[in-house]
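Labels for the chains are A, B, C, D and E, by order of writing; each one numbers its residues from 1.
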Amino acid sequence: TTSKSEGSKEEKNILNISVGPDMLTWDIHNHTNTSTEVIHVNVFDYLLMRDTEGEIKPHLAKSWEKVDDTTYQFELNNGVKFHNGDELTSEDVKFTLERVAKDETLRSYGDFKSIKEVKIIDDYNFQIVTNEPDPMFLSRISRQASGILPKKYIEEKGWDEFLKSPIGSGPYKFKEWKKDNQIVLEKNEDYFGKSSDWDEVVFRAIPEDSTRVAELLTDNIDLIANVPPSDWKRVNDSENNTIVTGPSNRTYMLFIRTQKDWPTSDLKVRQAIDYAIDDQALIDSLLDGKGTPTLTRINPGNLGFEESLYNKYNYDVERSKELLAESGFKDGLTIELSGPTGRYIKDREILQMVAGMLEAVGIKTEMNIQKWSTFSEAIDQQKFKDGYLIALGSSFFDSGQSLDYYGSERASTINGYSNETVDQLLKEAKVSLDENERTQKYQEVQKIASQELPIIPLFQIDQFFGASKKIEYQPRLDELIYVPDIKKK
Amino acid sequence: MAKLLEVKDLKTYFYTQNGIVPSVDGVSFSMEKGQTTALVGESGCGKSVTSFSIMQLVGAPGKIVAGEIHFKGQNIAQYSEKKMEKLRGNEISMIFQEPLTSLNPVLRIGDQLDEVLLLHQKLSKKEAKAESIKMLGKVGIPRPEKIYDSFPHELSGGMRQRVMIAMALSCSPSLLIADEPTTALDVTIQAQILKLMRNLKSEFDTSILLITHDLGVVAELADRVIVMYAGQVIEERDVFSLFDDPKHPYTQGLISSTPKIESQEDELMSIKGNVPAPNNRPSGCYFHPRCPKAKDICKSSMPELKGFEDGQVRCWLY
Amino acid sequence: MIKLASTTEITNDDLLVIKNLKKHFEVNSQLFKKKKDYLKAVDGINLTVKRGETLGIVGESGCGKSTLGNLIIGLLQPTEGEVFFDGTEISNMKEKHLKKIRPNYQMIFQDPFSSLNPRMRLFDLIAEPIITHEKLSKQELEDKVYELMQDVGLDPSYSQRFPHEFSGGQRQRIGIARALALKPKLIICDEPVSALDVSIQAQILNLLSELQEKYNLTYIFIAHGLPAVKHISNRIGVMYLGNVVELADKEELFRRPMHPYTNGLLASLPISNPRLRRNPENEIILEGDMPSPVNPPSGCKFHTRCPYAQEKCKTAVPEFEEKADSHFVACHFPLMG
Amino acid sequence: MESNAQTEPAIYKADKYDRSIKSNNKLIILLTKISRSKTGLVGLITVLSLIIVAVFSPFIAPYDPIKIDTSKILLPPFWLEGGEISHILGTDNLGRDILSRLIYGSRISLVVGVLSVIVAGAIGVFFGLIAGYYGGMVDNIIMRLVDAFLSVPTILFCIVFLTVLEPGLPTLILVIGVTSWVLYARMIRSETLSLREREYVKAARTMGVSNMKIISRHILPNVMSSVIVISTLSVAGTIITESSLSFLGLGIQPPTTSWGIMLSEGKEYVATSWWLATFPGIAITITVLGIIFLGEWLRDLLDPRSQGTNS
Amino acid sequence: MWRYFSYRLLQIPLVLLIISLMIFVLVYIAGDPVALMLPAEATQQEVQQLRAALGFDQPFYIQFWNYMIDLIKGDFGESYKYGVGALSLVLERMPATFELATASMIIAVVIAVPLGIISAIKPNSIIDLFATSLSVLGKAIPNFWLGIMLILVFAVNLKIMPVSGTGSWKHIILPAITLGTAVSAQITRLVRSNMLEILQQDYIRTAKSKGQKKSVIIFKHAFRNSLVPVITITLLQLASLVGGALITEMIFAWPGVGQLIIQAVYDKDLPIIQAAVFVTAVIILFMNLFSDILYRFLDPRIKFN
């Protein structure tokens, strides 16, 4: 769209994007940051890649098959070239995956440590061996940190040089990174995959929401992420821009204590809380209706999705009061809820509204709203009181990751929930390689959870992009921005 | 003989936050060419303000509210700022009490000396420098070339006052106003400066309006004396007759309360009480609360300045 | 350096004896200089003050008069030397022991504006020294304060006023009352009248004389105005660059100044009557400025300005000796006129 | 005047322009002095009203400041189309009454402002007096400490502290106080240094008054006016600091209301619902202005040079 | 002079030592960062191992000693978030911050000095009133508020200025104004009160008594004297802007240290914060020294002692 003419050069198609703060690093294995991955995904290719709907599709690997419970075999596309012209081969795959699977100091190590080794068969064929049966294996290599690095380049130039001028095989080549300012990528004409409309992509670092919106409105940027609801109307009303939404895989929920000594250890209290909160009202008044109320944190597109719990919510003030009375808190009770501020869209407003709703049924709610680092530390050290608000996503698109929170082991460090049946189901599902069986087990877990309510899911939120009308953009469920998908109108 | 300077009924008031301060309250006197006229009086009686008024240098919130100032026959009280600028430093120049602060600390001595010459005489920079150095020599400064390039803080008080004098005389003014030029100096230095002024006066043929509160300085230097009290002139006399036979009780008190080296008195005469603040002056004669000879009339009405013999006096006794 | 001039015996007549007193201030060196420099404000002074007398100290600004006063009163620690008050050495005494002796010697300061705490009322100002040293009932205190106010000519109705509500002369009276409060034997007056108008100066000088008689006080009267000193003192010491260069009875000093500096000082005094004007031709006034006390001239410190200076003066330090009856002078070639 | 004791006070010339204060009544003097400075008066009135509003918030505020009303979200001020007279300054994104929030917010601003200034003042005055009076090594050490604090901008310092410490109102007050004491220490030290050389302090020493007494009776009262002036002026600075920190999410946390929080919550709506951020912005500006006026005027008033010598 | 210079220079490490001690104590209170460095699912044993490896189980003074050794080597540790040396992250962003601080200073001075002079020459005039209100407002308006407003008016509505980021000279104007306003207010008042005081000085009267023209008096005699404090204050302010541009940088997406610090605060990235504080302190200390020396050079009265 905006084609800034640069000196005497011919006009170029430049796409300007801002997702928020700057990226952290070019080391794809040493961050866990989605805004950074947004950029990496355009420079490095995954072996497999999800499409916009979340379906895993071939990418660098044109085909794969399961050899046994711990071994997968892949075949690479021929003639894929890194930006320096070297060919991408099995060697590179081995180099990349074994690095992240072996080096404990890397941030992504935890996600890849299940890989035991990569066995090279020839230049284009290789096997990946896991330590034990890993039903989430394919998810692992089609998400964050699974780009393939150029072994030869890195070994010749060293890591420092690579981090300064990285090369990958992706649709865009690294051109320039001005820290906290912008990253410029230029089109890789030899890209093996989908061709892109844009000669150059600029990722601007603009942490302040209102500034980002201002840049969009002044047509300096074509695509921005995380538009605050207050600005949706302004963006939509503007001549050249519009709000683009799509579902995200992020669910707002309340974690509630189930340990003894807390009033919320009583199921009826938890139910009363659930019934007191009008999920839809939260969505309507704070998010302009852009979200889906839910009784489970597993969203469509994820393995294990339970439809009967989705797009539903419990809201009944009378029932809530009754439950409260039954639990012995007829005269009301006081709880404290923690929550972060500035981390998720409208986080503190949601907590404040929730508190207001609880107050209405007689649960006096004190709020402890903190900046993210303090909040997450308090959560880690279990310093919160009766419960807290958090909005978690799942980049694996697999209940195995999301439902882990209900298992006794994990829950013991959170809210103390423990249910033997759930533990059993989770344990079985974790090692089963049969998708159907896993789905069924996970659905069972969700049903139990929605009865026992150690976590009260509120709603699944949408993603909100502000986009120039000159581009065509559809948000991806994994929140990444894969530039070849963005079309010029 | 034409009067060099004639001040008629000068009133200079300060319009301050706390009300009007009538610092100079109807001062009249005149000065003849070639004379050294001394203006004496206690602190705050309006001597400095009188001199600033002549130069039209009374800063806000002060204002000349009435009176005429005739200099060489021209009423300069009516002069515009432009016309005054031509006069200042050229026809009338001034030296001040505090040689420490009267020179600009960040400019070299030479710069400040040249400034006057460049302003009033059509000299080139080079000529101005030569002239300045010559002037420095005349006021008795050793190694004037070196001093020319110094900063004020590198000079002692006496030296600075010499520089001020050089600056004031460099355009050979007809009138030099010296506002307590030696008060801040030590006796030995004071003697040096007084001698210098006496010598230079004849050399430059300048009339001096000498402002001081020190009768000793008056006795040394003045031809005529004007005594001020509370914003008014109370006595104007020839210096010899004033010391021999002071008329006004205040003048009498002033002379007899000064300790003298020659005589050996046990108790000094003293004037009781204090000088009244300008916004708090008594009715009648301003001096009456302190006057040993006060009569009833002194309390109610202000005496006029009456001329007699060789001068004037403002007192109901005469 | 300078040997003791008088016999060092302390007789009962001597209220205060100062022996070889020195005060050197450390001043930071100038550009590119490693060694520390010292400003020799007081550089070996010997003095004796007799009971009931007034010793005048004169000298040009910066010659060390105030420093001397501050050393005696204990506001400064001497670099060297001793001060005996009533037979006791006080300059090196610990503050604890000093507290008992303190009331015996007091000081009146030069600036009546800054020597009074602007936030204290007249009554409290005068009461402060009394409260510090004595435990009195309210009534006793009041009586004492009012008596003091009477003594110095302050109306008791002013007792609740603040210093800024008084004129300079009145403030100096307050200062005097404060100094008197402890019934001292010795009062050091550091230029008590310099800041005042001529007509007020006389009032204060008269008051000081009056009080001296009434309370049998001893004064050290510091001033740079010779006439005032002459008026009030019995003996006068002349200081130059940290040293006392001449000391004599006042009549003697004025009649027969022996030190050329004293002579020059007298010559530069303004006359009191125009009929005494000197012929400008044979006027003898001192030339030049006082040298810096950081680098004082060698030998006799005055030789740079001395009209009679000879070779010897540049090298040898003259001793402070009694050249005539009770007339001390530090000069190689004293004027014997 | 000296003669007045003996001589009958003269009948003073009645001067219609004479504005000097004749009364001896302290209150009248004060009031006269106040009425002479317009900005001082404005400052005083502003600050007094602020105090009244803060103290009596529950009685003045029409609504509970944290009461959420989803039916009244983002109402504009009453004079605009769609505004309601019941919400004079409109409502915010949760339907809370802006006016009520402003009124309650004044409490935090005031509490933080005043208490942190007291903390800073107490530390600063103590160190300043000690350093200035005793000098030498003590002075040297304290001054290096002062240098250390001065070499890190206040806001940065606050941020460092707040990153580490448990958040909350007491922390905030302490942090702002601790990071801004140097202002006082420096000022008080230099004043003490010059006061120590004042003749009246010397006089007290020659009388044998003890050091503690000298500090408390002669020095402290004379630095107090500076302390008051710096304090008022730094209350203004503190209010801005608090709002900046709240803006950054490091200050007071919701649901407690402060002007800084209102501003930071409202900044999202600057373009669409301007009243959310504008009113707290104006409130801060007016308050700070008022305090600055008051402080400048106090500075003049307490300056001994301006204390008319009525002698 | 060298003595003075070296004396002042010697104080800097001392002050830095105090600062590092303060920072260290704070960080010590904050608890060790091991929890933040390890993934959430790390076991207690892993935590202990890392603690020992990093020396967090040592006594306080040993930890401080090691910390100081690292500091002297310029090692503030690795940023938890970026995984690289914190010092380099800070230094990388310094030029941008410096650029912004300098620009705001230039704007502030260009506005403040003439305004201050005029209002001193004509006290209580309309211009004086205007200057005074402007300078008081400058102090009273929080700069985050000003920044947002400037974007709204000049970038979004009038479209005459870019919103944020860097690139052209125009980009720097709005943030520089935002940052410079408060300083400008301060300098205006300083110039005004300085000039007012200087115009009362005896040497100004001397200049007038020479018949010198008003304009020359103001510029040659008065302004030159008031320049010295203005220059030194300007330098000091410049230094503190370097560390104080946090909010402005955030709002205008200016790629400087301030933005880095704010992000670090959100992530509790202590190494970055420490490095930033330290670097800022060093800059300010040296600026202080420099301005002090400059002061002494510009004012012939002051000797080095």
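Note that a contact is a pair of C-beta atoms (placed from the backbone, for glycine too) under 8 Å apart; a residue touches a chain by one contact, two chains touch by 3 or more.
A quick map from chain label to UniProt name: B = ABC transporter ATP-binding protein; C = ATP-binding cassette domain-containing protein; D, E = ABC transporter permease.
As the structure is a prediction and not an experimental result, all values here were calculated from the model.
Number of steps on the shortest path from subunit A to subunit B, with steps defined by chain touch: 2. Interface comparison, C-D versus A-D: the pair with the greater number of contacting C-beta pairs is C-D.
Separating the centre of subunit D (ABC transporter permease) from that of subunit E (ABC transporter permease), both taken as means of CA atoms, is a distance of 23 Å. The geometric centre of subunit B is 52 Å away from that of subunit E (ABC transporter permease), both derived from CA atoms. Between the Cα centres of subunit A and subunit E (ABC transporter permease) there is a gap of 39 Å.
If you average the CA atoms of subunit B and of subunit C, the two centres end up 32 Å from each other. Counting partners per residue, subunit C has 167, 169-170 as the residues that reach two or more other chains. Under the contact definition stated at the top, the residues of subunit A that touch 2 or more other chains are 210, 342, 371, 373-374.
Contacts with at least two other chains are made by residues 148, 152, 156, 262, 265-266, 268 of subunit E (ABC transporter permease).
The part of subunit A that touches subunit E (ABC transporter permease) in the complex is made up of residues 21-22, 24-25, 27, 30-31, 107, 109-110, 178-182, 204-208, 210-211, 214-215, 217-218, 220, 342, 371-374, 377, 380-381.
Partner subunit A is touched in their complex by these residues of subunit D (ABC transporter permease): 66-68, 70, 73, 93-94, 163, 166-167, 249-250, 253-255, 267-273. Subunit B contributes residues 42-43, 156, 158-159, 186-192, 194-195, 198-199, 213-220, 222, 239-240, 243, 253-254, 257-262, 265, 267-272, 274-275 to its touches with subunit C in the complex.
Residues of subunit E (ABC transporter permease) that touch subunit A in their complex: 35-36, 39-41, 81-84, 89, 92-93, 96, 148, 151-152, 155-156, 159, 162-166, 250-253, 255-256, 259-260, 262-263, 265-268. The part of subunit B that touches subunit E (ABC transporter permease) in the complex is made up of residues 55, 57, 59-60, 81, 84-90, 93-94, 96, 98, 101-107, 112, 115-116, 119-120, 151, 153, 164, 167.
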